[in-house]
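First chain A sits with chain B, and in the next complex the same chain sits with chain C.
And then the complex of A and B:
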């Protein structure tokens, strides 16, 4: 025979008591709140405690190779020297820096052309002092039309990628303008 | 299976949040000193795992004040019938 009072107390206790999943939910909620709270504090501390003073001492073009005239248009390649110190950008909310060198120039078709000619991802402070000499560009300057005698301006830019927060793009004030050669590389010409 | 009594539930929730937030604060200071938020994260995660082990299962120390149910009334009706 079934004991009615025993059964009712059983159902009562399972309804009133917290279940395992309720407790797990509370625990997970505490974990997330705590993490979010200290993450926001981390983000704010970067504003208050750190004042990045990136330095750039050298930006010069070492060698400009003769322009190649290909079927797609002119192609220009050069090498450069650069010295920059971005170590002051690093603090505990910075995951990495994406550093890139852009070359901007004007052609008859387009008023504004900007090409990333070199880039680097810096993940630690130890790598954040850049000292490059005779570094060849990774990507060539390509023009739909002629690149001869064009003025090219080099600029170092970088993007700060924080752990918590927004990515920022920064531009170094030091620029370098040089003129592309006026003659073609006849040996490599394909036209 | 063991159960957790009402006092045990209350205490477990206090222990759990105090543990996580205290270790979280310690982790924040450690992370700031070492300039590594990874350290802070693992402190909070570690505290969560620890308090999951302590507060999630119905350990006997959460059942030290069990509910005293009333004794079931004697049922005379069945005898009468």
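And then the complex of A and C:
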């Protein structure tokens, strides 16, 4: 390539050192560009190649417990049955799903209440078929408000959390509306 | 060592060519201001006062680890449970990245928000200011829309070891001034 026979040893070694740092720099830059390119490719290809078809068959309220009246407002607890299959969401750019059941209701003080009552992180495709029966809510319905006789709508939602790229919200179309009891649990109200 | 001497020679040679020296200084300014413009531009587009944040704690594991980067926006649409939000608490310097658990909106449009870290067992009431039960819309700096792993580790190192900042900025400035890539 380059004829170095006429260069003195001093300039030769300088040239060598020079190329070393330049090489390292070039190598590093190419590495970064490649990484960035494949990251983008990874994200885009997952959109094009996979078409998730999540299924949800069952969403039922199993039991509604009597409402407790506390100093911080009413608290309601219930249990539910749910069956959903989210396995088709998993592909090579998906790290985990954050699955959560929301309850939305209207009260006298608040025109919009949206509350997570149950959540789960799904990290592998093996765990992605949900089959819950008589599952108690994780977080009680509360919010400094009266809850008697309120209609509550349950909805399963989840967030796709990718290895790299955009995070998205997905909402399952199946909903379930039920009515909270009209009276308090007097045995527990003093607590 | 020879490389260093060569760089030093190039640096000294600049002083005999003042015009080139000035041009290189302007180049350096150009780079700095481009970065600033990019940042401010992102702020305008996303509507968030800090459009890119680095995750500093493990409270959102296994979703986000220390050193991951989140891109935020701050739209006018209602905050929903499940949103990952970045919020500021009075008396705390460092903003927190957690997930919205509850939203209650009053008739007047005030929003009460409760958050929780995915990896925490309890909600964030203990992290809020004393006596504070809810976050308002104004506490929210942005909502996470995109995720980039590991890259923020550089920022964490720069913060943990201040000398690294000077070394990195110094070398980069030096190379720009002597006119190399």
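Convention: the second predicted complex is superposed on the first by the 171 of 191 C-alpha atoms of A that agree within 3 Å, B and C clash if a C-alpha of one lies under 4 Å from a C-alpha of the other, contacts with A are read in each partner's own complex, and residues count from 1 in each chain.
Simple rule for what comes next: contacts are C-beta pairs under 8 Å (C-beta built on N, C-alpha and C of every residue); 3 or more make two chains touch, one makes a residue touch a chain.
Bear in mind the structure is a predicted one, so any value in this text is a computation, not a measurement.
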Could you tell me if A:113 is touching chain B, chain C, both of them or neither one (first, second, both, neither)? second
Greater residue coverage of chain A in the superposed arrangement, chain B or chain C: C
Go through the superposed model and pick first if A:45 touches only chain B, second if only chain C, both, or neither. first
Touch check for A:157: first (chain B), second (chain C), both, or neither? second
Just chain B (first), just chain C (second), both, or neither: which does A:123 touch? second
Partner chain in contact with A:31 - chain B first, chain C second, else both or neither: first
Tell me the contact category for A:61 with respect to chain B and chain C: first, second, both or neither. neither
Could you say whether A:174 touches chain B, chain C, both of them, or neither, answering first, second, both or neither? neither
Intersection of chain A residues contacting chain B with those contacting chain C? 13, 17-18, 20, 39, 163-164
What residues on chain B touch chain A, complex-wise? 3-4, 6, 9, 12-13, 16-17, 20-21, 24-25, 27-28, 31-32, 34-37, 40-41, 44-45, 47-48, 51-52, 55-58, 67, 69, 72-73
Could you list, by residue number, the parts of chain C that touch chain A in their complex? 2-3, 6, 62-63, 78, 80-84, 99-107, 112, 118, 144-149, 181
Interface residues, chain A side, partner chain B - complex: 3, 5-6, 9, 13, 17-18, 20, 23-24, 26-28, 30-31, 34-35, 37-39, 41-42, 45, 91-93, 163-164
Of all residues in chain A, those that touch chain C in their complex: 10, 13-14, 17-18, 20-21, 25, 39, 95-96, 98, 100, 102, 109-116, 121, 123, 139, 143-145, 157-159, 161-167, 169
